[in-house]
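I'd like to ask some things about the structure below.
Chain nomenclature is as follows: A, B and C, assigned in order of appearance, with residue numbering initiated at 1 for each chain independently.
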Amino acid sequence: MKREHNGGITRRDLMIVGAATAATYAFPKVAYGQANVEAPASGEALKALDASLKSEVSFTVNGTARDIAVDNRTTLLDALRETLQLTGTKKGCDHGQCGACTVSVNGRRINSCLTLAVMHQDDEITSIEGLGTPDDLHPMQAAFIEHDGYQCGYCTPGQICSAKATLEEIRAGIPSHVTADITGPIEASDDEIRERMSGNICRCGAYSNILAAIKDVKGQNA
Amino acid sequence: MRAFSYERASSPQAAAQAAMARDNAKFIAGGTNLLDLMKLEIETPTHLVDVNGLGLDTIEETDAGGLRIGALVSNTALAADERVRRDYGVLTRAIVAGASGQLRNKATTGGNLLQRTRCPYFYDTNMPCNKRAPGTGCSAIEGFSRSLAAIGGSDFCIATYPGDMAVAMRVLDAEIETVDPDGETRTIPIADFHKLPGETPEVENELRPGELITAVTLPASVGGRHFYHKVRDRSSYAFALVSVAAIVNEDGTGRVALGGIAPKPWRDETAEAEMPNGASAVMRRLLADAKPTEENQFKVPLAERTLAAVLSEAKG
Amino acid sequence: MEFNNPAENNVFDRAKVIGQPLRRIDGPLKVSGTAPYAYERHDAVPGQAYGYPVGSAIAKGRITNIDTSAAEAAPGVLGIVTTLEHDPIENLWDYDPVRHFGGDEILHYHQAVAVVVAETFEQARAAANLLDITYERDESANFDLSKTPQASGDSDADPVQNVGDFESAFASAAVKLDQTYTTPAESHSMMEPHATIAAWDGDKVTLWTSNQMIEWGRQSIAKAFDIAPDNVRLDSPYLGGGFGAKLFVRSDAVMAGLAARKVGRPVKVTLPRPMVFNNTTHRGETIQHIRIGADENGKITAIGHHNATNALTAVGGENATLPIVAFYAGANRHIVNAPAKMHLPNSNAMRAPGETAGLMAFEIAMDEMAEKLGMDPVEFRIANDTQVDPGNPDVPFSDRHFVECLERGAETFGWSNRNTAPGATRDGAWMIGHGVAGAYRPAPVQKSGARVVLEPDGTLRVESDMTDIGTGSYTVMAQTAAEVMGLTIDDVSIDLGDSNYPVSAGSGGQWGAASATAGVYAACVALREQIAERLAVAEGDLTFEDGAVRHGDTSTPLSQIGKGEEIAAEDSIEFGDFRSKEALVSTFGAHFVEVAVHAHTGEIRIRRMLAVCDSGRILNPLTARSQVIGAMTMGVGGAIMEEMAVDHRHGFFVNHDLAGYEVPVHLDIPSQEVIFLETTDPYSTPLKAKGVGELGLCGVAAAIANGVYNATGVRVRDYPVTLDKIIGQLPAV
C-alpha cells in the first residue's frame, strides 16, 4: 500500500488526487491557448461572485421569443432541455462527439452542447420541436418513420435536424470530404449524404434506413 | 466547469484589453474546444471575452494576390469559399476532412489554430500530464500512445496537434495576424506559431498574454495539384492517425506537410525538395528524427505510404 | 398460460397483422422529440434537483478521507452523499454482483464515490470538482489479461464441454489449426447515458430511469435501499439504447435514490459520458486458444477452445465458449472458459454476450481451416453442419437452417464470382476482398406477462413492464394483440416500462420480443376466455376478426361485449422445460461482406454487406430488419475500430469518451441487405418466433476480418483489424 494525499509521494502522483479535489497550483498568468490557470475554487468566493456569473439572454426558439436568465455556464443544450424544458434535443455526450444535440441556429446546424446560451442573443434557434409535431410532421420526420430510420430514438432528433441541413448544404454547394471535384457542382450522392451525416452517431445502427429516408425527401424536393 | 463572468467585446483591441485586465480570462469564439475542456476543468477561465461580435468574418483579397481570412470565418465558410476551392484546394480539403458539419459550422479560423491535443491522458484529470499540470509527468509515453506523436515530442510530452486546417495552412505558408492590448499588431509565420513541447508542453503557441488572432493571410496561389489525404480508422468524424497535405507540380516538385504525427503541423522545406525522388526520399529526411513509441511506430511507414498514395494519384 | 408442447397451427398462422412490416407505433413521438427519456421527465415530479456524480481516481485501494467543506459551501449546493457514509451497496442482482456505492474500498476506476446535489446542473458539476478526496492506492493489482495464468491458453479450469477424447483426436487429425485470437474490451456506448430521477414519498421510492429489465431493477432497488419491493416503482417507457448496459440498475439509480433521500427532494442523476466507460460494464477482453482438427474431407473431428477473459466478480467476463459448444459438428471437444479476476471494471453482458467474441475468433479459425483444406469456406461450414447438439447428440435442434442461410447468402451475394486468391483483386488503389462467416445464437425465453383491457369502444389497451430499447416492442406487442383479438394495430394502444404493470421478460438476451409477444398472447387468451364466458360459449368456438367476435352466424362487435364497462385480463406465458430438454432452440445466420483495403495506407472500408437469418417467425420484417442492420453496423465497429484500450499501469480504459472510443458513423456503413428465411419454430413460443437482434451481430466481424485477408493476404487475429496490423505486409509502393 502506498499512501497518498493531495499529491502523494511523488510529483507524478499529484494529479491522482489533485484533479478530483481543490488542489491549487501556482500557475503564472499565461496566454490564450496555453495551459490552464487556476480559478478561484472556494465556495465562499464563488458565492460572492454569484450575481456576476449569470446573464440574461433573449433569443427565438422555434419562432417563439424567449427571455431567460441563465448561469453563464449553461450551454444552449441545457437551456433548451432544462430551462425551457424542450427535451426533444438530446444530450448524448455533452462534448461534441455524438451529434444528438444538433439544432439549427440562424439556419446553420450546430452542436448545442458546445455553445453557451448566453452567446446566442437575438439568434433564431430551431430544434426538433420546431420542425413538426406528431400530428403535423415535417417531411423528413415522416420519412424517418416510413423507412424505420431509427431504433431507440435517442439520436433521432439530431439525425433529423442534420438530415434537413445536409440537403440544404448540398443545395448550397458546400463541399465535403467525399466531394470529388471541389470546384464543380455537387451531386447528392449516397456518399455525400453519408459523409455529411457522419457527425450524428446512431449506435442502434440505423444508418442505411436514415440514408433511405433522406433520399426519399430529396426526391420529393427534386 | 468553474464559474466565470462573461462579456462581449466591442473591438479587437478592446477584446485584448479585456482579456488582459482580468486574471484567468480567455477569448471565446466558436467554443467547440474550449467548452469541451472547461466542462472537464482542463480549462478553468474565470472570465470569458466573447469575440463573436467583432466582425473579422470576411475573406478579402490582399494586394499581394492572396487572401486575408478573418479570424472568425467559420470552417464551413472558409472551405466553401470559391477562391479557396479554386486556388487553395488543399485548405478546403483539409477543413472538410475534420470534425463534422455541425462543428465546422461553429469552429472558427482563429480558434481552430488553437485547438488543443486529443491525448487521452490530457483529457483525464486524474492522470499525470505535463501539458495540463506541468511537472506531474507524462502518462502517454509508456501508456496508450497509438494516436500520439512519433516525431517532435519530448520526454515531457508526446501529444499531437490534432487539427487539419493548420496542416494545409502550413504548406500554403500562411501567416497569422494578431493584435495585442496596446493595439500593436504583428504577423507570425505559421511555421513559428505552434511550439514543440520541449520541457514546457503547456506552452503551445507563440501568442502572448492578451494577444488576439485577427486574421490568417495566404500568399498568392502557388498553383499545382492540391491533396489532403487523412488516414484514420473510422472513415469520418475522427482525428488523423496521419494526414498528408501536399501540393504537387507537374514536374514532380511540390510541398508536403504532415498532420497527426507531431505536436505541430510537420513540414521541412529541405525534405520536400526530394519530392521528385518519391515518398521514401522525402520521408527519409522529414521523419529522420522520428522517435515513435512501440504503439505508434506504424505512423512512420504510414506517412511514407500515404505520401506515396498522393504522389501516385497526382501522376493520375 | 403454460407452454408445455410445441405450438400447433394457431391464430398467428393467419398472419394478418403479425409478420406484417408495419411502421413503429411509437415513431411519431420519436421523430418529434416527444418520446420522454429518463432525464427528461420534468412532468413526473416537481422540485427536481441535480446530482452530479464523482468517480474514483484510482483503480484499486481505498479512500481514507473525503473533505466536502469546499463543495458544501459552493453556491446552490443542497447536499453531498459520499461513499464513506454508506455501507457497501452491492450484489443487488445475481447476474451483476458488483458494488455500486458505499464503503471505503475502491474496486475499479471511476467507481462512484460521491454525488453532489445542487439547484442547477452547473452548480452541481462545479461543486463536484471541489471534493477533496484522499486515496490509498493498492499497487499490487494486475490489469493486463495477457499476464494472468488464464492467458496461457490451457488452464486447468473445468471444461464447459468435454466430449470424446479431444487430445487424441486432434493429435491424429489430418489437418489441424492451432492459433490464438484476441478480442478487446468493447463498450455498449448506447446514445443515452444512464440516467435516473428518484423521488421518495415516505418509504416509497419512484425511479424514472433507463432500464431494460424493470422487475430485476425493482428488486435491486428494494435491496439497495432496504425497503420492500412493493415500495419501489420503476418507470422506463423509453430507453436511448442499452445493448446490455442497462440490464441492471447502475450507480446513477443508486446515487439518485440516496441523494433524494438525503436532501429531501427529487434528484436526477446522469452519468457524464466520460464516466460511463469505466463506471459501468463492458464486453470483456478475450484471449482465445483455438484448435480444430479435421479429416481430409473437411469433416471436423476435434474442437478445442480455451477462453481467457477479464472479470472483476464471479459473474463477469465475455464467455466466448458459448457458441462453440453447439455451432458445428465434431465428435471430440474440449472447451474451457477461464475468467481471470482483474480490477478493471466488471465486464458483463453486451449484445450477444459470448457469441460475439467467440465467433469473432472461431469464424476466422473456420476460414483458416477451409484454406488449409483447400475448401470453399461456405462448403466447409456446410460440411460441418449439425442437426443435433454435438455435446448431447440425443437432443436435436428444434429448427435449424444454417445450411440454407449459407446457400441463399452465397447465391444472393454472388459468392462464386469472387477471386479466391488472397491479395489478387484490385479496384484502382483499393484491394478488394470477400468474406463469409456463420452466425449462431441460442433463442432463450423468459416468463412474460401482460394485462389487456378491452375498452368500451372496442379498442384494446395493453400494459406490461416490458421495455422497448429500440427493438420495436411497442409495435410487435401491439401486432400480437391485434392478431389475437381480430383488430387492426390502430385499435391497440400500449403502455410499457412501468413496474406497476405485469412483470414481463424485459429486454435482453434476444429473448424480449419472442417472450413478450407470447405474454401478450397469454393475456389475450385470458381475455378471450372472459368474452367467451360472457357469451356463454366455448372459447375455442369463437372467431375474432374485423373488430368482432363471431360464433356460428352470430357476430358481436367487441365494443358491445363489455356493455359500457372495460374488461381486463392478465396472464403470463411460462415456458416448460420441454423446450430445453427435448430440443436445442437456437437462431442461425450467415454474413457476407465485400471489403476494400487501400493498397498504400491500409485503410479498411466496407463496400457491401449481406445477412441471411433463420430466426423463426419474423414478427415485423421492418423492425426486425432494423435490428439486423444495426447489429451488422455494430459488427463493423467490432471488426475495424472498437477497442477500449487498457492502461496496464493505472488500470482503466483510457479512451473513455466517444471521440476516443470510435463506433461506426454513417460513412462507414455501405449498402446492407438482409434476408429472413421463412421459417417457424414451434418449439420456441406460441408465435413460433425467436429473437434476431443479437444474431445479427454474431460473426459479422469475422466475415470482415476474413474479407481483409482475402483482399490483402494478411491474416489478422487480434481485433480490431486496423491498418497498423497490416501495413507492414502490404505490397511495396
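In the analysis below, contacts are C-beta pairs under 8 Å (C-beta built on N, C-alpha and C of every residue); 3 or more make two chains touch, one makes a residue touch a chain.
In this text, all values refer to a predicted model and were calculated from it rather than measured experimentally.
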{"item": "Arrangement of touching chains [line / ring / star / complete / other]", "value": "complete"}
{"item": "Per Cα centroids, the chain farthest from subunit B", "value": "C"}
{"item": "Chain centre separation in whole Å, for subunit B relative to subunit A (CA means)", "value": "22"}
{"item": "Averaged-CA centre spacing for the pair subunit C and subunit B, given as whole angstrom", "value": "40"}
{"item": "Approximate Å spacing (C-alpha centroids) for the pair subunit A, subunit C", "value": "28"}
{"item": "Shared-contact residues (touching 2 or more other chains) in subunit A", "value": "13, 16, 19-20, 41, 46, 50, 71, 73, 94-95, 194-195, 198-201"}
{"item": "Junction residues of subunit B - those touching two or more other chains", "value": "1-3, 39, 41, 126-127, 235-237"}
{"item": "Where subunit C touches two or more other chains at once, by residue number", "value": "57-58, 75, 122, 126, 129, 274, 657, 659, 664-667"}
{"item": "List of subunit B residues in touch with subunit C within their complex", "value": "1-3, 39-41, 118, 120-121, 123-124, 126-127, 139, 142-144, 146, 229, 231-239, 241, 279, 298, 301-302, 304-306, 308-309, 312-313"}
{"item": "Complex interface listing, subunit A residues touching subunit C", "value": "1-6, 13, 16-17, 19-23, 41-44, 46-47, 50, 71, 73-74, 78, 81-82, 85-95, 97-98, 100, 127-129, 131-135, 137, 141-142, 144-146, 148, 150-157, 160, 178, 191, 193-195, 197-211"}
{"item": "Subunit C residues within the subunit B interface of the complex", "value": "57-58, 75, 122, 125-126, 129, 274, 429, 598, 600-605, 640-641, 645, 647, 649-650, 654-657, 659-660, 662, 664-668, 720, 722-724, 727-728, 730, 733"}
{"item": "Subunit C residues touching subunit A - in the complex, by the definition given at the top", "value": "23-24, 26-37, 39-40, 42, 54, 57-58, 61, 64-65, 67, 70-75, 77, 120-123, 126-127, 129-139, 188-193, 238-243, 270, 272-274, 469-472, 622-623, 625-627, 629-634, 657-659, 663-667, 669, 671-672"}
{"item": "In the complex with subunit B, residue positions of subunit A that touch it", "value": "11-16, 18-20, 25, 27, 29-41, 46, 49-50, 52-53, 55, 71-73, 75, 94-96, 99, 102, 108-111, 113-116, 118-119, 162, 165-166, 169, 172-177, 179, 182-183, 194-196, 198-201"}
